[in-house]
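We call the chains A, B, C, D and E, going by the order they appear; numbering starts again at 1 in every chain.
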Amino acid sequence: MGAISLIALLIAAIAFSAGGILVGKIFVKGSSNPQKGQAYECGIPTTTSPWHQFNVGYYLYALLFLVFDVELVFLYPWAVVVKKVGMIALFEILIFIFILFMGFLYAHKKGALKWN
Amino acid sequence: MFSLEGITTATQDWLLIKFNPTIALAIECVIVILLSISLFALLGLVLVLMERKVAARIQIRLGPNRVGPGGIFQTAADTLKLIMKEGLTPDTADKFLFNLAPFIVMMVAMLLLAPIAFAKNFQIWDINIGVLYISAISSLSVIGILMAGWASNNKYSLLGAMRSGAQIVSYELSAGFAVLTIVVLTGSLQISEIVAAQQNGWWLFKGHIPVIIAFVLYIIAVTAETNRAPFDLAEAESELTAGFHTEYSGMKFALFSLAEYINIFIVCAIGATLFLGGWMPLHIGHWEGFNHIMDYIPSSIWFMGKTFFLIFLIMWFRWTFPRLRVDQLLNLEWKYLLPISLFNLLLVTIIAIMGWHF
Amino acid sequence: MFLKDYISDVYNGVSSLLKGMRKTGYYFTHPKEIITEQYPDNRATLKLADRFKGEVIMPHDENNEHACTGCTACEIACPNGTIKVVTKSEVNAEGKKKKAVDALVYRLELCTMCNLCVVACPSDAIKMAPNFEHSVFDRTKLTKILNKPGSKIREGIE
Amino acid sequence: MTNEEIKEYISAHAPNATFEETGEWLNIIIEAAEWKALATAIKGNPLQMDFVFCLTCVDWKTHLTMVYHLTSTKQRHNIVIKANLTIDQPQIETVAGIWRTAEFHEREVFEMFGVHFSNHPDLRKLILEEDFKGFPLRKDFEDPINMIKL
Amino acid sequence: MYNQTEIIKDTTELGPEGELVVNMGPQHPATHGVLHLVVTLNGETIKKIEPHLGYIHRSIEKMCESLTYRQFIYVTSRMDYLSSHINNTACALLVEKGMQIEVPERAQYVRTILNELTRIASHELWIGAMAMDLGAFTPFFYAFREREMITEIMEDTCGARLTMNYIVPGGLMYDIHPTFQNKVKAFIKQFKEKVVEYEDLVTNNVIFQSRTKGVGILSAEDAISFGCTGPVARASGVNCDIRKIAPYDVYAKVEFDEVIETAGDSFARYMVRIKEMNQSIRIIEQLIDTIPEGDFVGKTKNVLKLPKGEFYQRVETARGEFGVYIVSEGGTTPHRIKFRSPGFSNLSALSHMAEGSKIGDLMATMGTLDLVIPDIDR
């Protein structure tokens, strides 16, 4: 089958999830209670909202990831042809990885990979 | 001999004779939908039971043994219970995103089924960029988790989602590099060609130590990508109660947990395909007799056997190791796995170019 | 030097993890080590320790006689008011009026199984029994009268 | 150090202190006002009383008594220091800055006996609810709802 | 209890920039009970921890003021339920000291053996629970297998598995079970075989070590200042074993080492407890074959009355120094009774230890403090 199978799979996913939730909705008579709508925080009413500015720690990794993920995307076509092209492809990618690795070492030296 | 290939071709031929191509395609789609839904349901039931049984055996206890013989209907009963539970949405949550998140996670899991070769010529879509497709789609699942964590308006969920975001994107790299080693050796992104390249032996045995290292890296990385212990920081229950799905209940929770198990199945299936030859029986070089005997075992059983072996391996990890801390987790990836996998990729490239592999 | 440390780090880490996996793998492959108690299934053969403190009982012999004199020593000894002794006056064979137990009320829901009442009893009328299946649907069932209806004190116990 | 030496040292720093040696350890009864200065003095050399292993209060109906059990982890001598407080306005200087364990113990005494520790860094209720009335461990405390009388 | 509109109003409020106030507990899988910590976070880093106690405060001290000296002993089992035997011993020792009751040697030997068994059982449970806090579920079951043998010994001899109530002023409630010695020996044999399993699964595990080494460091000065005792203080290098400082029962007669580590981190606290179990085994081995024959309880009056005065008794429980302070007016009940519980002081150091570390470290720190909430709340 071709790309149409993806649409079929999407329909399957939605049907599966929605079906399950709907069956629950139909058969279950819920009761209403103001406590039920409360966010769970170990049984204590929440004090501050979590929707505000957050520690930067995770974002540095996300940035680094972007760099390396782009590299990975470049490597895919290279990986397919490397056997046919031979040694020259290896040297080319060595240069490419070397430059990236220098960047990685720089980030490491700068402490981007250290928490806080 | 039982073969899924025969059934599919027979069905396809019959459909094409009976109906015009468009209707035949539509019917095929319906069959795919039904098959994938039942595969999901079945996998969910089997994997949860398997996890509980493996955990029980490792922890010197019996595990579920009340519902049905040996407890085999336990998960069915649990699912029924989860369906019958009231799905709560917190008043303060972003209701649209909150309800959308489980759908996204499920869709990603479902889409990943497309290029997997379950048996010889039994594949939904043999896309020529199969491996790339898998890494592209699988990186989408983090969106569902982030969405769930953010929309819940719960601090545990938010922390869990953030952790899982950082974790999944990081380990994506090592998984990608590990996959690339096989692409380098095979020279193709297509799943069927990768399997065919293992006609005379699996890559794990053909590719010397670098491929074994890649295999280990792959297993570690996908364990982290599927948020499994010892990398289950997104739902570390001793720290964040239940992490990103703290607020989910009933069927919505079931969908998250089902998606987790399906994802394990998929990454293990891909691992089995890339390193252990997929549905390819155990073939050793030129031992024709041995290879023929191996061929008598249906290819679907070979595939499932290898996949479930890898699943067992991942479950074994979970019930043995303590959980890492979030900064150690990222350290492990950026300071150990990533440099090693980069170096390993170069090694494999040299092997591939020089033709040193078997 | 750095590389050597790095490699030994990785090696030690991986080998320690493999050791752990060998241990759990051993138990996975040895179902004989399983220690699960088969509780409701082995009810018939379940043998509790003979000293197990499950509840207070008052043993009666075949003549429906017990050894309780109604002296209320157990009631005094009890730290949390579990036992209440209701006494009555009884005329004995010699025509003398004598205090005797009417009802020894025992409230299991208050009992902490501390055994102080058994130790305090001068005539060994009560003892601890190894019963532990106490769950009932009605809490009032936990208030028990230990002396059986129509029972009386055994001869010769003062 | 012997009890005599301890007595001598303490008399020098708290002139109004009286001693009692009937119990297991040396008891020293001091004025509440002298406490902070004495505490600083005995924490350092030569007594090195660096460990408060018990800090509590006793209600004598007419007055309250703060009881501090101290020991030295280096010289292993124990002393008990007592300070009488009035029942209407019990107040004593905190020693949370000298022995950090006192911070929690003083908070407990504060809510259970109503002793006010001046200059305590964080004198709030630790165990009871914020709006709880009364001091449960005092002898005159009556709780009509949760009776624990037998 | 809480008004809904109030809650919605509250959650819309924002905390200070970049700060997140999270309640951990009372309904949290890692707090082992109803401990409530208000944790202020900056990202994943802990800025402040504020314990809120009292969820199971039963005012045992007030209750004991109306109980006689025979009765109040059993209440102390409900404080630190994992070392209930040792708590009971402390109370009995205090009454014996106050009334000068002679305790027969046999009772002293049995008490000591049972105390050490209790200590092992408590540490076994702690290993399992702590490994679980760090995300390893399996050691819990292995630890409980050994602990089960101890509870069975307790069940045979004392008639209960957790709150034994076997100690009375003057000795023991009844004599030991005839199978006691053999069962203890069987336990020692199995324990020695199986305790090495923790090495593979926990001690040497690289993840466990990186989770605990250098985490939650408590210096010796701080440990003393915070009043920490037991394995927590000994891991920081403080000599504080009451069994050595002020020996009771037959501890003066047996040979054992006080386990001291100097690192003061979570791993040191872990190692102290592991080594302490081996020392406990050593003590039991010395005593089990030499239990003297004789009475198991000394002569006591029917009604116990402590003379007027003040009494204090310290013992070493699995968690640290447990003290009983009784002010007696000469009656049948104490005038004031104070229990100095080790957990309360150890908890007060938690905030100091965890500040600046990650949430994951908080679990390691809290796990190695070995908090038992009824012990803290009393």
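Just a few scattered comments:
Following the convention adopted for this analysis, a contact is a pair of C-beta atoms (placed from the backbone, for glycine too) under 8 Å apart; a residue touches a chain by one contact, two chains touch by 3 or more.
From a predicted model like this one, the values you see are computed outputs, not experimental measurements.
Ranked by C-beta contact pairs, the top interface belongs to chains A-B.
Farthest from subunit B, judged by the mean position of CA atoms in each chain, is D. Relative to the whole-protein C-alpha centroid, the nearest chain centroid is that of E. Averaged Cα coordinates give subunit A a centre that lies 44 Å from the centre of subunit E. A straight line joining the Cα centres of subunit A and subunit C is 55 Å long. Chain centres here are Cα averages; for subunit B and subunit D they lie 63 Å apart.
In subunit E, the positions touching at least two other chains are 4, 11, 20, 22, 28, 44, 138, 145, 201, 205, 207, 358. Looking at subunit B, one finds that residues 58-61, 91-92, 153, 155-156, 163, 241, 319-321, 326-327 touch two or more other chains. Across the assembly, subunit A contributes 37-39, 41-42, 46, 49-50, 54, 57-58, 115 as residues in contact with two or more other chains.
Subunit A contributes residues 1-18, 20-21, 23-25, 27-28, 30, 36-42, 46, 49-51, 54, 57-58, 61-62, 64-65, 68-69, 72, 75-76, 79-84, 86-87, 89-90, 93-94, 97, 101, 104, 108, 113, 115 to its touches with subunit B in the complex. Those residues of subunit E lying in contact with subunit C across their complex are 67, 70-72, 74-75, 78, 138, 145, 148, 152, 155-160, 163, 165, 168, 173-174, 177, 197, 200-201, 204-207. Subunit E contributes residues 4, 8, 11, 20, 22, 28-30, 41, 44, 131-138, 140-142, 145, 201-202, 205, 207-208, 210-211, 358-363 to its touches with subunit B in the complex.
Partner subunit C is touched in their complex by these residues of subunit B: 54, 57-62, 316-317, 319-321, 336, 340.
Contact residues of subunit E toward subunit D in the complex are 51-54, 57, 59, 61-63, 66, 222, 224-229, 238-240, 245, 309-312, 314, 321, 323, 325, 327, 335-336, 338, 340, 344-345, 347-349, 352, 377.
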